[in-house]
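Listed next: structures, encoded as C-alpha cells.
Next come two complexes built around chain A: one with chain B, the other with chain C.
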Partner chain A sequence: MSQPVLSVENAAVHFRSRGGFLRKAGPALKAVDGVTLSVQPGETLGLVGESGCGKSTLANAILGLVPLVGGTITVAGREVRSDDAESLRAIRSDAQMVFQDPALSLNPRLSVGAAIGEPLQVRGLAKGAALRDRVAALLKAVGLEADHASRFPHAFSGGQRQRIVIARALALQPRLVICDEPVSALDVSVRAQILNLLVDLQRDTGMSYLFVSHDLSVVRHIADRVAVMYLGRIVEIATMAVLFGKPRHPYTQALLLAAPEPDPVRQRAKTRRILEGELPSASNLPPGCAFNTRCPIATEICRKDAPLLVARKDGAMVACHHAED
Partner chain B sequence: MNAVQNLRAWLARTPTSIIVMGSLLIAFVVVAVFAPLLAPFDPSRQSLILRLRPPGSAGPQGMTFLLGTDDLGRDLLSRVIYGARASMFVAVASVSVSLLIGTALGMLAGWRRGWVEIVIMRFVDVMLSIPAILLAVLAVAVAGPGFQTLILVLGLTRWPRYARVAYAQTLQVATLPYIRAAELAGASATRLLLRHVLPNIAGPLLVVATAEFGLMILFEAGLSFLGLGIQPPTPSWGTIMSAGRQYIERAWWLTVFPGGCLFLLVLSVNVLGDWVRDRLDPRARTRG
Partner chain C sequence: MTGAVLDIERLRLEIDGAAVVDGLSLSVRQGEIVALVGESGCGKSLSAFAVLRLLPDAVTLAGGRILLEGRDLASLDLAAMAAVRGRDASIIFQEPTASLDPLMPVGEQIAEALTAHGVVAPRVAMQRAREMLVSIGISDPDRRLTQYPFELSGGMCQRIMIAIALICGPRLLIADEPTTALDVTIQAQILHLIRELVTARSTAVLLITHDMGVVADMADRVVVMYAGRVAETASAEAIFKAPLHPYTALLLASIPHAALAPKSRLATIEGTVPRPSSHGVGCRFASRCPLVEDKCRKETPPLVNHGDGHEAACWRSHDVGMLGVPA
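Let's look at the complex of A and B:
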C-alpha cells in the first residue's frame, strides 16, 4: 500500500476553560481522545457522529488550527505542528478545507475571483494575467463561468457559493480536502449536485476526501470507508459495504436504525431502537467505555475498561467488548 | 459628453436627500477653504460704535452686515466663515486621530485576545472613566492652549469609543469561517486584519465616526468656552456662540447663525455617513 495522504495516530485534543482571578480552571474537555485513522490517496473516508462528538475538532486539528495534546497527525508525510508556521504553510497546500455554511465561508467584501485567487496570490504562485487564467479555470472546473470572478458572494445562491468555496480549496491542488459538513447547509435539491461535483473532481484529480458529516445518507453516497465517532473516539471503522451491511458496534447500529429509509415498507419493518439517556459531557466522561451509559448491551466490564479498536476478519475495526466478529 | 451623461445617471439614481446634504457639505468645505476670499470683512476688525447691530444693518463704505455684528462690532458673517475653518479642521483632525488609534487598538485586542486584550480593554475602561475636561485642563497646563493641544486632547480622549466598537466587531468577525479559510490560504496576520477583518467592521466604525464628528465640534466649543481651546480673537463656531450666549436676549443672531451652521454641518455629515456605509456594503451595491 502506498503512503497514506493522511495518517492520524492516537491524536488527542483537549480544551480547558481558562482559569482566572477567583476562578478555577475547569476540567479538560476531551474533544478528541486517542483517534487513529488514515486516508489513502484517492480515497474518501466518511467521518460520522452526532454533533459535539469531535468531528470538526479533528478536522481543525489536521490543518493545525487547534493544537494537539497527544499523538501525531501526518499529512502527505509531513507532521502537523500547530506552532510551526513554516510547516503549516506547506501542509495547507497539501490539505484544504470546505466549510459547512457557504454564506459564512466567503468574505462578503471580497470578489469571487479575489477569494479563489487568494491562496495563489499570497503564496506568490501566480499574479496578473496568470492568476486570472487560473481563477477562470478553477471556476470552470466547479461548473461556474469565468466572468463570475468579478462578482461578490451575495450575488450567488447557496449551491453556487459552495462551488466557489470548493474552487478556492482546489486552488493549491491539494492532495486532501477536508469537507466539514459541506452539504448540510444546502437545500436537498442542491446537495446531490455538490456531491456529484465532489465525486467528479476526485475522479479528475485523484485527491482524497475526509468527509465529515452527521448525515449517513450523504456519506453513503460518497464514501469508500466510514469511521464512526462517539465522544471523541472512533468506535468503528469499516468499508461502506461492511459498515452498512453488518454494523457491529451498538452505536453504529443505533445510528443506522435512526436514519430514515426511503422505502416506507422497509422503514415500517425496521425495528426501532432509540438510544436512551443524554449524551454525557465530554468534560466528564463516564469510566470505561464512553458509550456504556446509553448502550443496550453494556455489562460490568464496559463500566470498567475502555475497549480498544480491534481489527476483525473482514477488515472492520470495532471498539466494543461485546461486538460479534 | 460621456462624463456628463455619467454624472446625470448618477444624480438620477442617488436620493435627493443625499444630493442636498452632499452639496451642503461641499459648500461648507469650500467656505472653509476659501474663507479669506469669501469673507466680506476682516473677522477681527472691531468697531465699538457698530456693536451688536442686527442682521442687515448698514456698515461702513456702503457695505451691509448681512448677519449683524457681535459685541465688539465685528462682522458676524466673516467670523462664521472663518469659524468654519477652525471648527471643521479640529473636528476632522481629532476624529481621524481617535479613529486611527481606537480602531488599531480595538482590532488588536479582539484579534490577539489573551493578555493583550486584557491590557487594552482595561485601559479603555480607565480612559472612559477620566473626565475629558479634566484631562484637557491638564494638557493645556502642560502644553499651553492652541490647535495642536486641542486636537491632541480630543483625539486622545475619544478613541475608546472606536476601540470598543472595533473590539466587539473583530471578536465577531474573527471566528467566521472565511477568516479561517484565509488563514488556510496562507494569508499573514496583517493581511487577515487589513483585508478580511477591517472591511467587514468598517461600517459600524464609520457610523461612530460621523456621530463623533458633530460631538467634536461641540467639544471644541465647550473647551474654547472654558478658555482651553481656540484662543480669541481666532473665531470658531464654539467661541462665537459662547461669547454670544451673554447677549442672547438682545442679540439672538450671535448664537442662532453659528448654531444653525453647526446643526446643518452635523446633519449632513451624519446623513452622508449612513449613506456611505450602505454603499460600502456590496450586498446593497447590486447595480455597480
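Let's look at the complex of A and C:
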C-alpha cells in the first residue's frame, strides 16, 4: 500500500480549565482520546458525529492548531508538531482547511485575488504576472471568473464565497484538504454546486479529503470511507457501502435511523427507535464504553471496560462488546 | 372551508414598498401539519412571524387576511393580539437558548404563559408547569423547574419552549425551524415529541423548514415558496413523487440521497434568487429555470389546481417530468 497522506496514531487532545487563586483546575476535557485513522491518496474519509464529539478538534489538531497530549499525527510523512512553526509551515503546503462559514474565513478588506494569492506570495512561489495568472487559473478551477480577483468578499453570495475559500485552499496544491462542515451554512441548491465542485476537483487533482460533517446524507454521497466519532473516540470505521449497508455499532445505527430521509415513503416506513438521553459531558465521561448511558444493548461489561476498535471480516473496525461480526 | 384553524389569504408583506411576500395563501386544518419550505430569503419565516404579528419594524403588512378560526389577526390592535399570542396561537423558534429568558428559572417561564393570560392563579400555574414537563417526558421535573436555561442542553431548552408554547392549549402552533440548531438524534426526539403532542391535542401546525428530510418525516401537506410567492402546494407524498414546478423538482434533485450513485452529479439551480426590488412581470423563477420560454418572462403564472389539491404556478407544469428528476 502506498504511504497514507494522513496518518493519525492514538491521538489525544485534552483541554483543561485553568485553575486560579480561588479555583481549582477542572478535570481534563477529553475532546479527542486515542483516535487512530488514516487517509490514502485520492481518498475521501468522512468523519461524522454530533456536536461535541471532537471531530472539529481532531481536524484542528491535524493542522497543528491545537496541541496533542498524546499520540502522533503525520501528514505526507511529516510529523505535525504544534510547537514547531517551521514544521507547521511545511505541513500546510500539504494540508489545507476549508471551514464552515465562508463569510468568517475571508478577510473583508482583502480582495479575492489577494486572498487566493497570499499563500503563493508568502512562500515566494509566484509574483507579478505569474501570480495573477495562477490566481486566474484557480478562480476558473472553482467556477468563478478571472476578473473576480479585484472584487471583495462582500460582493459575493455564500456559495461563491465558499468557492473562493476552496480556491485559496488549492493554491499550494495540497495533497489533503480538510473540509470542516463545508456546506452546512449553504442552501441546498448551492450545497449541490459545492459538492459537485469538490468531486470534480478531486477527480482532476487526485487530492484527498477529510470531510467532517454532521450530515449523513452528504457524507454518504461524497465519502469512500466513513469514521463515526462519539465523545472523542472512533466507534466505527468502514467503507461507505458497509457502514451505511451494515452499520454495527449501536450508535451508528441510531444515527442512521435518526437522520430523516427526503422521501416520505421510506422515511415513514422506518422503525422508530429513538435514542434516549443526551451526550454526557466530555469532562466527566462514564466508565467503560462512553455510549453505555444511551445504548439500548449495554450490559455489565459495557459499564466496566471500554471496548477496543476491532477489525471485522469485511474490513470494518468497530468498538463495541456486542456488535455483530 | 370547514375545519381550517388558520387561513392565510393573499398575504402581502413589504420592505420599502418592495413585496417580500406576495399573495401567499394557505390554510392549516385541525390536527394537520403543513410545511412551509424554501431557501433563505424566500419569505417563509416572515410569513410565519406575520401570523403572530411579530414582524420586524422594517416589514409592513401591506395586504391580505390572516384568519385564526375566522378572526382576522391582521386587523387586531396590539392588546388584542397580545391576548392571542401564547393562548390561541404559539410559536417556537430555531434557537431555543436565545428564546428563553436567561435570568428566570424555566419553571417560572412556563407558568408565566398561564398567568399572563389569567388562566390560573400563580400557585396552580407552577403545578400545571410540572404536569406539562411530565407529559413531555422530562425526568426529574422538580429539579428542572428551578433550573436556568444555561444549565440545560439545547434539546432540553427546546422542550421547555414547546412546554411554554403548548401549555395554554393553543389551536395553532407555528414551529420555525424547530430542530435546525439541534443534533440529529436530538432532532429525532423533538420531532417525535411535536408529532405526539399535536396528534393528542389536534393542534394545527405550520412548520417552517428548509430541510426536506424533516418535511418527509412530518408534513401532511407542503407549501413551497420561491422569492415571496407560492411555487407549488401538494400533499407530502405528491410533492416528493411528482413535483409540478421546476423549482421543486430541482430542489429535490439537488439533495444527496441513498438511491443516487456515490459522487454522482447532483442537480443544481444556476444563478441566484432575484432581489425583491427587481421583481418585474412574469415568473420569478424564469431567470434560473431550464424550461423557461417567452411566455414565462411576460406573464405571471397563476397557481393552477392539477387535482387532489396539487397546485403549481408554472406555465410548463406538464413538462416538469422531462427534467428527469427525481428518481
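One rule holds in what follows: the second predicted complex is superposed on the first by the 325 of 325 C-alpha atoms of A that agree within 3 Å, B and C clash if a C-alpha of one lies under 4 Å from a C-alpha of the other, contacts with A are read in each partner's own complex, and residues count from 1 in each chain.
The rule is short, and it goes like this: a residue touches a chain if its C-beta (ideal position, glycine included) is under 8 Å from a C-beta of that chain, and two chains touch if they have at least 3 such contacts.
Remember, it's a predicted structure, so these values are computed and weren't measured experimentally.
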{"item": "Combined model on chain A where chain B meets chain C, clash or fit", "value": "fit"}
{"item": "First, second, both or neither for A:216, with chain B first and chain C second", "value": "second"}
{"item": "Partner chain in contact with A:278 - chain B first, chain C second, else both or neither", "value": "second"}
{"item": "Touching partner for A:259 - first (chain B), second (chain C), both, neither", "value": "second"}
{"item": "Touched partner set for A:104, first chain B, second chain C, both or neither", "value": "first"}
{"item": "Which superposed partner A:51 touches (first chain B, second chain C, both, neither)", "value": "second"}
{"item": "First (chain B), second (chain C), both or neither touched by A:187", "value": "second"}
{"item": "Touched partner set for A:140, first chain B, second chain C, both or neither", "value": "neither"}
{"item": "After the two structures are overlaid on chain A, angle v-u-w for chain B, chain A, chain C in degrees (C-alpha centres, nearest 10)", "value": "80"}
{"item": "Residues of chain A touched, compared between chain B and chain C (which is higher)", "value": "C"}
{"item": "Which superposed partner A:267 touches (first chain B, second chain C, both, neither)", "value": "second"}
{"item": "Minimum Cα separation, chain C to chain B, after superposition on A (Å)", "value": "16"}
{"item": "Interface residues, chain A side, partner chain B - complex", "value": "63, 65, 89, 92-93, 96-97, 99-101, 104-110, 115, 118-119, 122-123, 152, 154-155, 165, 168, 171"}
{"item": "Complex contact set, residues of chain A against chain C", "value": "50-51, 157, 187-189, 191-193, 195-196, 199, 214, 216-218, 220-222, 240, 244, 254-255, 257-268, 272, 274-276, 278-279"}
{"item": "Touching residues on chain B, where the partner in the complex is chain A", "value": "176-178, 180-188, 191, 195-196, 199-200, 281-283, 285-286"}
{"item": "Partner chain A, residues of chain C touching it in the complex", "value": "39-40, 153, 155-156, 183-189, 191-192, 210-217, 219, 236-237, 240, 250-252, 254-258, 260, 262-269, 272"}
